[in-house]
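Labels run A, B, C and D following the written order; every chain starts at residue 1.
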């Protein structure tokens, strides 16, 4: 099974004619992803790696009946591109750019909820369901198919964790980069129900960070609804208060909102296994699985 | 990016939010000419971005020109808590009957802008939020609704302030919200907001924080940024699109990584091992030899830093490139600095060989935790 | 039963301290409506006809747990007032003012759909469930309790019809003025499911007009979903094209969109009885009930 | 409220939508001075709000000043289809390679603004919509999305016009949308929209229709309204907040009612009985004696109107008041006009008595249909 993307997912790549877009189109095709269309305004009619290119998402969707799109476009065009995809009725939109203005994401967040589509990112490495499909720029070699669902606000911490999991023969059902920004299109609590319902997934790893209240909301959901075991890591315990650590979202307010202590406490109360480091995640998984 | 007080005042004035008459000087010689249209008594305010400025003598009152000159001479180019005073703002002293707190923040929980109001002004709102949360009134602004009269009515009823200020408060909040949106702000704060006898309002001091990701479409804010006194290393790092973050003053370890998450994990592990990180640098994407070399140079130019932990994990990063960059950077470094390198990615072995073959103080480790151990072994604290 | 309002509906009156607000507060109380609160900014703390007055809808709702509100405020303050009610979480909002700018209604329409509340009007006489409750300014004497649900874009045509129904001993379950504007908060098609589901309602009367596509959408819904008989009148057959007849919504485009002919044709195809005049509605009802 | 062409042109220019250089004159004596900066050839356009102006000679070309004077002299203060020409717009003749159609309307189906584009300009869009709907491209604007580049890309692909105009078309649509929102518009139309050789666009003619309900917050539009040539009776009625609507030219029956729905029902019934309504008047709320009196006076001042049907149905209307108003109005009317009155409401009997006791040509009827019958009996056609 897996969630969000699988071997049947028909993917559009927005910005396919750019350097990154073309490179990762090839990577994704090689991994087995069904990339059905590319979009690049003014470049419709071309083909890239055998993928037909359209001028607009609407035309790409009409021609291919795609159900997901990934944007390889710079931050300043991300808002346009995501709105275009929402407007065209694409159900799953993955946006990877760093430094998307938070006002743009505020607009997109509310728009996507109203239109019932799922936005993943920005500042996300994408989504991979190992062995089936990937929509993202992650180095897929470190992933392996299995039964642990992984969600992470950080790409590097996720890679570190997954790489160790794979070395220890613990595979993944689906790994999702929710992104490190202040307003992510989708948060842990919106993805947990999918992982809970996915028969392939037997356990869940949450790699959280300081800042925001995504882990707090996840804790509440887990307490009331999750039957599968959950392991969580909160990065940034020793980050200085009030300073952004690179991830715009990883910032603790001066009043303590978003602190690692609070997040860990609530997760622990919800029965979640708290990991002290990425290595610790793997040792916990070994124990409980 | 956070505005200086005089920048906030100028911005409020642009959007017709009432502020006191005033001027900004950066030399005592300007005082006489600049303040000639101002009415005494005046307030001289040191322009530094640090809390507790008043208690440290950074805000002083003046009854005549001589006073202003004397105070300016005393303050200009001195320091408050390590922050140099390069500018003074001189404004007319306000007369009012009550000070309040007003701000609009981006609320991460509702993903909406939120009005925050307190009838107690001049306070530290974060402290108040912990001590007496009831005195703080919050009103969410749905972007599809905007600022409406009923929100102000609600604020007035809950806070108990005079109904007579409703029209001027609505006007100020509407303008502040417009500013919030127009400027891509994360915070627009007026504190204190002074209520005058005639029910008008004056913004006495303000904080503005702008989303760094939106600076490309905020040319005015970019200009303002150039006027800030930022640490030299932050500025130097920015030139290469690195993010340099000072962590703890006494720390002698620095961390370089190619992602914010890994940076935080590294700091957490080092701290857990009772060592202290002084600075961190996020490379962002593209860990090439050249970029690594610059990053190492920048971090080690901080004299307090004796140990550097480089932790690069990237599926497609070429480790030999990274190793080469580290080696080249260390070759031109003075002695006495130790670098621990953890590499993961393509050509890992080659990279490790490059590091091990140098006769510099470079330690190659395998895995995040091993790196932390190596730091301790080398004597980092 | 009845729909939307009944003997248990707790109603707020926004603008209760105005001349119209006060007058109709009294009228509604006399009719038996549970008017639980009034709202008038800056006048909180007063009482009008024994009804407590609050400064904001939020406070009124918190104090009384009201589930509906009616606005007796001028057109230029309608947008503010409706948004306030939506923001305060009131589920049913009735707005009667004429000449509300269509841009304001465009905003309100989309906002109300997103917040899952029902807006009736503007340019509406309100809602009455005869014998139970009324939220509006209609002269209630002409209404009588019974089993016909009536929806009308026009107040005068509705009065005319209902008055004749009552004279002929045909009572009404609920009568709703959807209003004559270009963008009504709720249209026929959104109210039909409620009437279809209401056990008291045995037949439905739709008093439509030229302009817009509300009757067309209603026809489609009726065709596929309604089991109860429906009678419809389309007013404005002989109105000049391209000219507003007073109701901003009653205007046929130069290309013929919104014409009475098209509406009647589609309704007829959906099995609706087409009435030629208000009198004819009553004679049809007499036949079919 | 619909703009005149010169008002639309002025409005477009304000929002940086390119228009041709030009001037407006209302006297031939102004020609020389006003056109001195314009480049020949020029186009002289009669400012009237009626279709088919070109075919009727209302648009003429001029190669020199004498031409302009001659044409202006010939056109000014004459009539086109009954519309008097009080103003002429004189603009430079445009050179382009293609004419398109562009508008933003309020779409009642989606409750959103909608872009409408056709590669065929200068057309009657409503006619085209019926004849060849495929040539018309529609793109909904979700207010939360606004106008975005991809919409223009879609328009270009579907219409087959040159890709090179994408940037200028996006700019024009963005500005037109801004206008649409800022002006509370129901329609913002540019037709034709000229594509020039350098891929720029020029608005050659335009229609703007503003929501009457929003005029209170559109002071500029209100000023424009005063410049329109509206029928005297419409203006007179507006003073009393009545809506006077001319229906058919030859009709000799007028209808007065206290609601738009009833007005339409009355007209429908009269038409069904093969009689012809010439005018209608909506009283709106408050059917008091004074207002009724004014309404009757206004309607009957139209000499073509011989029959008046007053149909008042209001639960709380006092019928004696209405009757009194009708009586007083008829007392000062010249002979030869017949009034049929249908009353329903409080004090109905008293009202009917007042009507019946007068020796004027007033017929009191009971019910809507009876009134129509009475009109036929009295000889209305």
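The definition used in the following text is that a residue touches a chain if its C-beta (ideal position, glycine included) is under 8 Å from a C-beta of that chain, and two chains touch if they have at least 3 such contacts.
If you want to know which protein each chain is, UniProt gives these names: A, C = Succinate--CoA ligase [ADP-forming] subunit alpha; B, D = ADP-forming succinate--CoA ligase subunit beta.
On a predicted model such as this, the values are computed, not experimentally measured, just so you know.
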Selected pair, greater C-beta contact count between A-B and A-D: A-B
Centroid-based (C-alpha) most distant chain relative to chain D: B
Where chain B and chain C are represented by their mean Cα positions, the distance between them in whole Å: 54
For chain A paired with chain B, centre-to-centre distance based on mean C-alpha positions, whole Å: 28
Separation of mean Cα positions, chain D and chain B [Å, integer]: 57
Set of chain A residues in contact with two or more other chains: 107, 110, 114
Two or more partner chains touched - positions in chain B: 144
Contact set on chain D toward chain C in their complex: 106, 108-109, 111-113, 126-127, 129-130, 143-144, 181, 184, 186, 211-214, 216-217, 243, 245-248, 257-265, 267-272, 277, 280, 282, 284-285, 313-316, 344-345, 367-369
In the complex with chain B, residue positions of chain C that touch it: 41-42, 44, 55-59, 80, 83-84, 86-87, 107, 110-111, 114
Touching residues (chain side chain A, partner chain B) in the complex: 75-76, 98-103, 106-107, 109-110, 138-142, 152-160, 163, 180, 182-183, 207, 209-213, 235-240, 243-250, 253-256, 258, 276-279
Interfacial residue positions of chain B with respect to chain C in the complex: 142, 144-145, 148-150, 153-154, 156-157, 163, 166
